[in-house]
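Have a look at these structures, which come just after this line.
In the two assemblies presented below, subunit A is common to both, partnered first by subunit B and then by subunit C.
For the complex of A and B:
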C-alpha cells in the first residue's frame, strides 16, 4: 500500500543531517507539589511503615489515600486511622510495555488494592509481585479479590514515598 | 443579558509568597467552604462548576480532572477555562443565561510558588519559530511594551513608579495582601533594571492563594442568603499575539472589551459612572495603559492624573484600592478574581478600612500577562 503512494517520505536522517530544517527547544519544566496536611501525613506514615487513612463521621467512610475533607459530605473530616497493610485486589493488569513503549520480557502487574479497614472501593495503586512471569502464571495466582500484603523497604531506606512499599504479594 | 446575574457568595484564602503547608486542594476547599456559607448554599444546590486551569502552571496534565473533589462538585458538570478569571466569570454568566443552570460556582487558584522555573513556563507561550530561539528571558516583552507605551502616550517611567508606591501602600490596609509595603517611587526607579525601562520593583511578585465564587440567576435569589453583587456587563478580547505585528502602545484588547462591557452595563461616562476600578497592574506601566484604554483618563493623561491623586484610595476614582497585583501578589489567571473579590467587598460595604465611600458601581479589568494581548472587563454594581 505505502509503496503505491507518490513522493519521498521524510526520514529521521533528513532531519538529523539538516536537509529538513526544524526548530528545537528544551524547556525546564520542573514543578514542586505541596502535599499539604493530608498527603504530608500519609507520606510520613509510609516512612514509619504505616498506612494512614482519614475517617468521616458523617458518612462513616474511611478514606485512603487520605484527604482532610470528605468530597461527598463536603465537610472537614474527623480523625486519622491507622490501617492494616493488607487488602484485596480490586483490579489489575499484566503490563508488557516500558516507559519508552518498548516491550518487557517479564511483565509488571499494576493493581488497585482495596486496603483492609478502609471503606469499600478505597485503595491505593501499587505493584503486585511474586505472582509469576507470564500472563498465564499471573492469572493462576491473582484474581479480582485476591488477598495481598505489602512488602516494605527496610526502615532505614524509607524516605516518605509511595515506593517505601516495594510491592504487594498474595497472602496465601 | 436576558436575566440578571449576580455574585452571591465569595470565599478566599490569604495570599502568600509560599504555601508549603497546604495542598492546592486544601486551599480551594477552605475558599469553597467560605463561599458556600456566604451564599447560603450546600454543594447540592450547585448546577455546574467553572474552574480556571492552565496545565503548564498546574504542573499536571488535564488538570481539570483535579477540579471536583475540593468544590463538592463530584458527579456534576465541570468545565475548565484555560484563561483569565473574568473569562471564567463570562462563561459562568453564559451558563446561567442558557437557562440550564441557576447556580454556578467559579474557582481559581495559584500555586505559583510550585513553578520552579517560571520564565521557562512563560517562554513556552512565545512563538517557537521566531521568538524562542533568541533565548531571551520573556520579561523583554514587557520592556518592549513599556517603552512604546511611554513613547506614544507621553507618560513617564517615574509616573509608572508611582503606581507601585500607591498600590503597595494600599495593600497595607488589605489583610490578605502578600506584599504590602511603603515604597517610594524613587526606590522603584533605583531598583535594578530587568528589561529597561522596566525595573525590578515595577513587577508584581507571584503569590499563592485560592478564590471561589457562587454566581446565580435572579430567579435563584429567594433561596440564597448572600447579598448579590450584579454583573452588569462583561466582555473579553484577544488581539494578535504576534510580537512583530502587534500595536505595542495601546491596550486595544482593553479598549474594545470596555466598549462592549460599558454598552451592556449602560455606562456612558466611565470616569463619572464608576466609583472604583480594580485594574491589572502585573507591571506598573500596565495600570496606566489600562486606565487610558478603559477611558478612566484621557490618552496620555493617566500618569498626570495619578500624580494628582485621582486614583488614590481617597481620590476621585480609586484604582486598585485593594493593593492590586503589585501589593497583593500576582496570581496568574486568578489575579482578576482577586479584583472581583475586591469589587464584591466594596459593593457590599465589607471592605473595612479601605472601603470606598458610596461604592455603587465598579469595574474589574484583567490581562493574561506576557506575552498575551488578551484581557477582559467586567462592570459590577449593587442595587
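For the complex of A and C:
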C-alpha cells in the first residue's frame, strides 16, 4: 500500500532559472578496441569487399557476425566461409531519431539483413538506402523478406570497417 | 524449496527529473518499505540492489554510491545487474539470499536516476551495441525496439492500432497510481498518430525517461511465522538470457522469457499458467513489448496477445481474463529502469494483499507474476507471488 509518497519533481524552468543549483561534469572517454581474432578477419574481409562467416562442422551452422567458437556446441569452430553480399530483410525500421534524441528530416532505414550463404536467421545490422524518404515510400518498397544487395565503397576508400558497405539496396 | 515471504514494499514518485539524488530516492523508498513491513533497519540482515547502467547517474560503482541510502552500511550488500531486467532480478537475488538459509531478512532495492545524462539518456545506451559491427553505423537505442516491433507485426499481421491499445490501457490504469508520471486518457488515434520516432514506434508507444526508486522487504518462513498474520509468498523465480548476437535471434518471439517463465512456473508448481496466473505485470517499456511478453509468459499463444487485448482480456476490471499491468506499467507510471521492475513486483504484492486501492482488480487473485526484460533484448526475469 502506498501510504506516503516522496520525491520532488523538477521542471526544466527550475534548472535554467537557477532555482535549483546543478553541477556539470563532462567526462572525456576515448576508447580504442582491439578487434579480436574473428572480427579482425571479418574487418579484413570487408576491406577486400567480402562478407566472411565461420562454419561449425558439428552443428553445421554458418555464422555471421563470425566468432571463433560455436556458442551452441561450445567448441572451436572450423572454417572461414565467404558469403554473398546479398541477403533478405529480416526486419527494418524508418528512424527519425538521432542518438541524442534530436530529430532527422530525412529518415534512416536500419535493418537486420539475413546474409545469403549463412544459416537461416543469421543476420547483421546495417542500413537500407534507395528505398524512399518517408514511411509511406519505404513501407511500399520494403517488407520482411525483401531481397537486398550491399553497395560497397570504392576499393581504394575501404578501411576495414562495417561502413565499407555504404548500405544495402533492393535487388529488383 | 525454502519459503520466502514479502513483508512490505515502497516507491518514490516517478518523475522526469527529481530534486533528490539517487541516494536520497533510495532512502525514501527503503523507509517506505520498512514502514509497511513494520520493521526497522536493525531487523535487516542483508541488502540487495538492482540498478541499470552507471552512465545514467554518471557515477561509477553506482551500487556503492547508493549504499548508504539503501541502509547497507556494515551489512552484506550486493548489486545485481541484468540491464532492464534488473528490477525483477533484484527480488530474485533477494530470494536466493534467503533461500540459501544464510539470512532471515533482506531489503531489496532498485533505483534509477536517468535525468543527469545530457543531452539525453538515450546516448548512454549506444555502448550496448557491438563496437565493431554496429556502432560505426550511427546506432540509437530506438532502432532495436522498432526493428523488433516491425518483425513482430509482420510475422503475425498485427495492425498498429492493436499495438497502440496497450498504451491506451496502461496510461488509463496509471491514472490511479500515486507514483505515476504519465497517466491519462488517450485514444488509439492519438497513440498511432503521435510523432514517429522510429517507425513503427511512435512517441506515445515509448515509456518516458524517469527518476525513481523502489524497495521491498523479504524474509524467510521462520521470520514470517513469528511476525504472524497472512503473507504473500514468493512461489517461483526464473531468469534466462539469450545470445548477445541479437541479429541472429528470432525477433518475433522472446524465447528467453518463455525459458524464465517455465523455470518460475516449475518452482511454483504451475502447470497451466493461463488458469493459474490471475494477474500479471509484464514489462512494457514499449507497447508491443507487453504483448510480446504475455506470449513468452505462456499467457497467450504466439501472435494471440493483441487479439485478446481487443477483447478486453487484459483489462484491469476483467472478471474472466487476466488483468495485465493494472499498475499502469512503464508506459503510464514511468520507467526508472530497475525501479520500474520492482514497481511491477510491488504491484503484484499489493494486488494479492488486496491493498491496491483504486487499482485493485475485480477478479479474485491468489497468484500473480511480474516480469522484466532488458540487456540487449535478451534477458527475461520472472517472479511469481502467491497467497
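One rule holds in what follows: the second predicted complex is superposed on the first by the 150 of 172 C-alpha atoms of A that agree within 3 Å, B and C clash if a C-alpha of one lies under 4 Å from a C-alpha of the other, contacts with A are read in each partner's own complex, and residues count from 1 in each chain.
Definition applied: contacts are C-beta pairs under 8 Å (C-beta built on N, C-alpha and C of every residue); 3 or more make two chains touch, one makes a residue touch a chain.
Remember, predicted model here, so these are calculated numbers, not experimental data.
By the touch criterion defined above, A:121 reaches subunit C but does not reach subunit B.
Look at A:6: by the touch rule set out above, it reaches subunit C but stays clear of subunit B. By the touch criterion stated above, A:171 is placed in contact with neither subunit B nor subunit C.
In the superposition on chain A, A:30 contacts subunit B only, with no contact to subunit C. When the two complexes are overlaid on their common chain A, residue A:162 makes contact with subunit C while staying clear of subunit B. When the two complexes are overlaid on their common chain A, residue A:39 makes contact with subunit B and with subunit C alike. Residue by residue along subunit A, subunit B and subunit C are tallied for touches, and C comes out ahead. Once chain A of one complex is fitted onto chain A of the other, the partner contacts of A:69 are limited to subunit B, with no touch recorded for subunit C. By the touch criterion defined above, A:140 reaches neither subunit B nor subunit C. Overlap of the subunit B and subunit C interfaces on subunit A: residues 25, 27, 31, 33, 35, 39, 67, 71.
Contact residues of subunit C toward subunit A in the complex are 10-20, 25, 28, 32, 35-36, 58, 119-120, 122-123, 126, 129-134, 136-143, 146-148, 150-151, 154-155, 178-179, 195-201, 211-212, 243, 245, 247-251, 350, 353, 355-357. Across the complex, subunit A meets subunit B through its residues 23, 25, 27-39, 67-69, 71-72, 74, 76. Subunit B contributes residues 19-26, 29, 32-33, 36, 42-43, 56, 59, 68-70, 72, 74, 111, 113-117, 120-121, 123-124, 128-129, 132-133 to its touches with subunit A in the complex. Of all the residues in subunit A, the ones that touch subunit C in their complex are 1-12, 15, 20, 25, 27, 31, 33, 35, 39, 42-43, 63, 65, 67, 71, 90-102, 107-108, 110-112, 121-127, 135, 138-139, 143-144, 161-163.
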